[in-house]
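We call the chains A, B, C and D, going by the order they appear; numbering starts again at 1 in every chain.
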Amino acid sequence: MSEIKKIGVFTSGGDAPGMNACIRAVVRTGIFLGKEVVGIYQGYQGMIDKKFINMDARSVRNIIQLGGTVLKTARCAEFRTPEGRATAYKNLKEEGIDALVAIGGDGTFTGAELLSREYDIPIIGIPGTIDNDLYGSDFTLGYDTATNTVLEAIDKIRDTAASHDRLFFIEVMGRDSGCIALHAGVAGGAEAILLPEKETAIDDLILKLEEGALSNKSSSIVIIAEGEKNGGAYNVAKRVKERFNFYDIKVTILGHLQRGGTPSSFDRVLACRLGYASVKALVAGESRKMVGLRGNLIQLTDIVESINNHSYKLEEDLLEMSAILSI
Amino acid sequence: MSEIKKIGVFTSGGDAPGMNACIRAVVRTGIFLGKEVVGIYQGYQGMIDKKFINMDARSVRNIIQLGGTVLKTARCAEFRTPEGRATAYKNLKEEGIDALVAIGGDGTFTGAELLSREYDIPIIGIPGTIDNDLYGSDFTLGYDTATNTVLEAIDKIRDTAASHDRLFFIEVMGRDSGCIALHAGVAGGAEAILLPEKETAIDDLILKLEEGALSNKSSSIVIIAEGEKNGGAYNVAKRVKERFNFYDIKVTILGHLQRGGTPSSFDRVLACRLGYASVKALVAGESRKMVGLRGNLIQLTDIVESINNHSYKLEEDLLEMSAILSI
Amino acid sequence: MSEIKKIGVFTSGGDAPGMNACIRAVVRTGIFLGKEVVGIYQGYQGMIDKKFINMDARSVRNIIQLGGTVLKTARCAEFRTPEGRATAYKNLKEEGIDALVAIGGDGTFTGAELLSREYDIPIIGIPGTIDNDLYGSDFTLGYDTATNTVLEAIDKIRDTAASHDRLFFIEVMGRDSGCIALHAGVAGGAEAILLPEKETAIDDLILKLEEGALSNKSSSIVIIAEGEKNGGAYNVAKRVKERFNFYDIKVTILGHLQRGGTPSSFDRVLACRLGYASVKALVAGESRKMVGLRGNLIQLTDIVESINNHSYKLEEDLLEMSAILSI
Amino acid sequence: MSEIKKIGVFTSGGDAPGMNACIRAVVRTGIFLGKEVVGIYQGYQGMIDKKFINMDARSVRNIIQLGGTVLKTARCAEFRTPEGRATAYKNLKEEGIDALVAIGGDGTFTGAELLSREYDIPIIGIPGTIDNDLYGSDFTLGYDTATNTVLEAIDKIRDTAASHDRLFFIEVMGRDSGCIALHAGVAGGAEAILLPEKETAIDDLILKLEEGALSNKSSSIVIIAEGEKNGGAYNVAKRVKERFNFYDIKVTILGHLQRGGTPSSFDRVLACRLGYASVKALVAGESRKMVGLRGNLIQLTDIVESINNHSYKLEEDLLEMSAILSI
């Protein structure tokens, strides 16, 4: 394997807070180690459309604190075809890019894995998704920030819930992973938390809410991950309303505001560490790996493994604790 | 008129940030002026249910920064009947309460006006509603905080909108008044703002969005007050989607989180001033008035006038400016 | 007077939140009205050093929410000399800039007034300073944000003050103007507020604190504007410590963090309105004026008047109220 | 050992965000397990002064989000004497308290250890201190929140630093531990970080700053832990000023605002888990242990060990990375 000269970095899939801090880390580490670094706009689409931009150390100044991604992100159907990937690789080669850092989730890694397998270009993946569901890292970029964003919303709603004797159903992100819902629910003192990983009978939920009302609770907050099995907050609220009338019931759908915002300290430090480690790994000859944090240590995981084992494992002990602490 | 000895204070209708700062001001001003102050829980319902609590200066410590209302609020059908008001007045009298401070919106004032007319009890109203639509005050309690809450959400969504080339429709509170939508929309740099006070043709909206896309805008944000005439964000988004395909389209409904949160400096200073002025007005023999801020001066408005003229007058110049600044 | 073709915009003096929103408004209004707009980096220094940059509508995208100023600011001794101003004017003329918008405080306006008098170039000033002390506008850009920043700090310190039975002295910005200190002090429920405009005897302060302690207050917060006459928070704390021992005493100096942060809704709307109005005024043939907000209306004030009458007039009624509400 | 019937819970030493969430967890877990729970005001002082209050499930409602500690905290010299502890134990016994949960830092644990050794009362410690320096837990309550508070301040100062070409020295908490300084410094993109654990020659600092200025940096931020060896931010700034004149230099001392604020999601989940685990441990017959989080697991550490090994171990790899990422 010849020495790496020019590293391409891109973000792909849903954006997540911390991506910019991570881009900065990749760029500056690359430059420090004597490499050129090229930003690729809009992920795989940008490879096909030749949206390349040379990045120097100053090009990433004052972005560490910004949400979103300055390199933008996009979904790209064309890259899923062999022809699309052929074009992408040709363009990368013309540009002189001989290694890639891919920041995103499992969709991003699937594309990266294909490209590196078909064209033998070294690639390192960085887990960037608010869902915290990638195998090989205790935490993914953006999860901590998103959880705090949800929590701020819960705190605000708590003010009005407690003032009115109301029951609130708050729907949060998480199609397959209940990690945000569970942690924000515990931190927000929610009376119940409904998760994709666990079926919740509406009868049990009503029972729990009735017990709370009878033991003098003046309001209640129920957190519902969008992927839970009863069909989301509107449906749960509708079914509860039919039989529960202790409080007035309201629904809030937090939606995309959960993706934005200035990243937390945790996410920025994580972003710096993973970005730094990804370039070091490339330079050390690694490829087809995801860099992750395990305990307080950086670890590399085979990217195929991280794609195939991506589910978050429900922390049952937290769920059980939550039921006790919200009595 | 005999001298006032005991003042009752209550919050009613939707809660608004700054109500607690206002309660603190009423309590401490009353005590400073040698009066007793009684908190009435859950507004008119609490008068009927005798939910009275004596308040001393320490009882309101450390609440100036809290959202919601420590006295709670409720809607009360019974109070709308003559019998309900008779019970309420009897209970107030037994408790020795000989004057009232009512914090809320026009529904609250309507109740207060009836009670004071039927039973000759002095009453002063304080405008407490996020909608900023009460005649007699340039600002109502909670409006500034709610607008900032909406703005924070817009800023977060802007991060993800700009990263993805997306179009966002954000629905904010405002059934009859577009004040929050207009100000948050201007402050958030929204590409379009749809208000209850003004019909917006979907064709015009699409034209505006297309112009933006053609002039190189990578994303757009449209703010929609819940009371606008096309039926809210979901309906507008649906109709736009049918014919506009420059960007991916997403909808966010902010809902009740707009009511909560720690009040802004502006709202707290306003709350202090209005609470302080309300007690001074009662002691000076005033009744059936709303205290408000006009320019930088406290003014009293006949409560009947403030009920009958409550609509916010659309600032057409801001709307026109907004269209120019979002080119 | 010939028609204006190219407007130069710059920021000068201390930066203030909202300056970027204001720059965006100037640029886009200019372009909308068919003018070219040039950004001048680092204020008067940039005129001398020819730091000019053409600005189109996209050049100011995504800056409405940013603190600081993208055009930067600097102090410039050279511009105070006739030679400096001659160079500046020559450079402006070469660049084709035939009108100026100056965003800053009274130092900025003084420079602008000189230049426009000596070289007959039209100029409009926009009040941008957190101190809220410019004659001709009820509010200056950044004041509302800075006050909320101070308030957040007070709220945080209140948590720890209340947990420990402590007395805190918090020093905030304001050399000549106590506006931030007074409003943040009222909003933060401070037990005492020391201002540049009013002498406070240390004896009176100690008496007030002792009364609080004896009436069961568990902690106290004293806000001190940096320009108050006893020499700032450290000196006041030292003298109080010698004779007051109810609580442990701590000092916090907020410093420059008061200048930064994302601007509030109020400041952004104000920034948009003033920026928009400044260009409209220039195009209408106005010069040597400051645009300001009076009530809810835009007004022009002779720039010489705004320089000569810049002091904030202490709101004595708020100060008196504050003493009562913190009993 | 007889079965535990009544658990006393208290906070002691410096307050930390998350203590209230932790108190709630202790109270509700105790009640759920059939125990009585008593809150002890002001820590050891409250034991001596008999400041006991019975706590039911509702007594801790709506406190999960509050900074500070509702049980208050105090330093207590008397408890350090054998006589003081004798009085404390007598009072606990009279009240029927037969087990203790102590929330605080190593000073708190030292007192707890003595009491439990001398009087054989079961005691479990919970690490509550922003310094993150207790052996036996990867994280202590309040550290994550404090780091984010520091980071928000850095972000605000960055706005003004970047607008003015300025150099800022920001002093943050940390007498012996540089954990907050290091993490906030990395997350804030600081150009240099000075820590108690590592001597920094002023010459090296100046060299680093000069390199930055020469490579086109327009501003710089230096984070200084209060315990660093050059004597804090004022002294470092003074010595740098004598020889470095690329930028204007400003100093900010964050002080006690770092202790307050609503706890982050991370701190609240940690608080819930440690509070819950502490009661479970007591009921299971454990004593003289600190509950901590290691990886994602609750672990018990001998309290003597956690007192004797309390120092944070400097993450040298982060410091090295920080130097590279701030080029």
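Everything below uses one rule, namely that a residue touches a chain if its C-beta (ideal position, glycine included) is under 8 Å from a C-beta of that chain, and two chains touch if they have at least 3 such contacts.
This one's a predicted model, so the numbers in the text were calculated from it and none came from an experiment.
Colleague: Could you tell me which chain lies farthest from chain A when each chain's centre is the average position of its Cα atoms?
Modeller: So the farthest one, by centre of C-alpha atoms, is C.
Colleague: Just the number, please: Cα centre separation of chain A and chain D in whole Å.
Modeller: Here chain A and chain D have centroids separated by 28 Å.
Colleague: Mind checking the centre-to-centre distance between chain C and chain D? Centres are C-alpha means, answer in whole Å.
Modeller: The separation of the two C-alpha centroids amounts to 35 Å.
Colleague: Roughly how many whole angstrom separate the Cα centroids of chain B and chain D?
Modeller: One centre to the other, that is 39 Å.
Colleague: Touching two or more other chains, which residues of chain B qualify?
Modeller: Each of 155, 158, 162 in chain B touches at least two other chains.
Colleague: Could you classify the connectivity of these chains, where an edge means two chains touch, as line, ring, star, complete or other?
Modeller: ring
Colleague: Name the touching chain pairs, please: which are they?
Modeller: Listed in label order, the chain pairs in contact are A-B, A-D, B-C, C-D.
Colleague: Going by the contact rule set out above, which residues of chain C touch chain B in the complex?
Modeller: Of all residues in chain C, those touching chain B are 21, 24-25, 28-29, 31-32, 57-58, 61-62, 64-65, 138, 144, 147-148, 150-151, 155, 158, 162, 183-184, 186-189, 215-217, 262, 264-266, 268-269, 272-273, 276, 295-296, 315, 318, 321-322, 324-327.
Colleague: Using the touch rule from the top, collect the residues of chain C that touch chain D in their complex.
Modeller: Going through chain C, the ones touching chain D are 11, 15, 17, 66-69, 72-74, 149, 153, 155-160, 162-165, 168, 218, 250-261.
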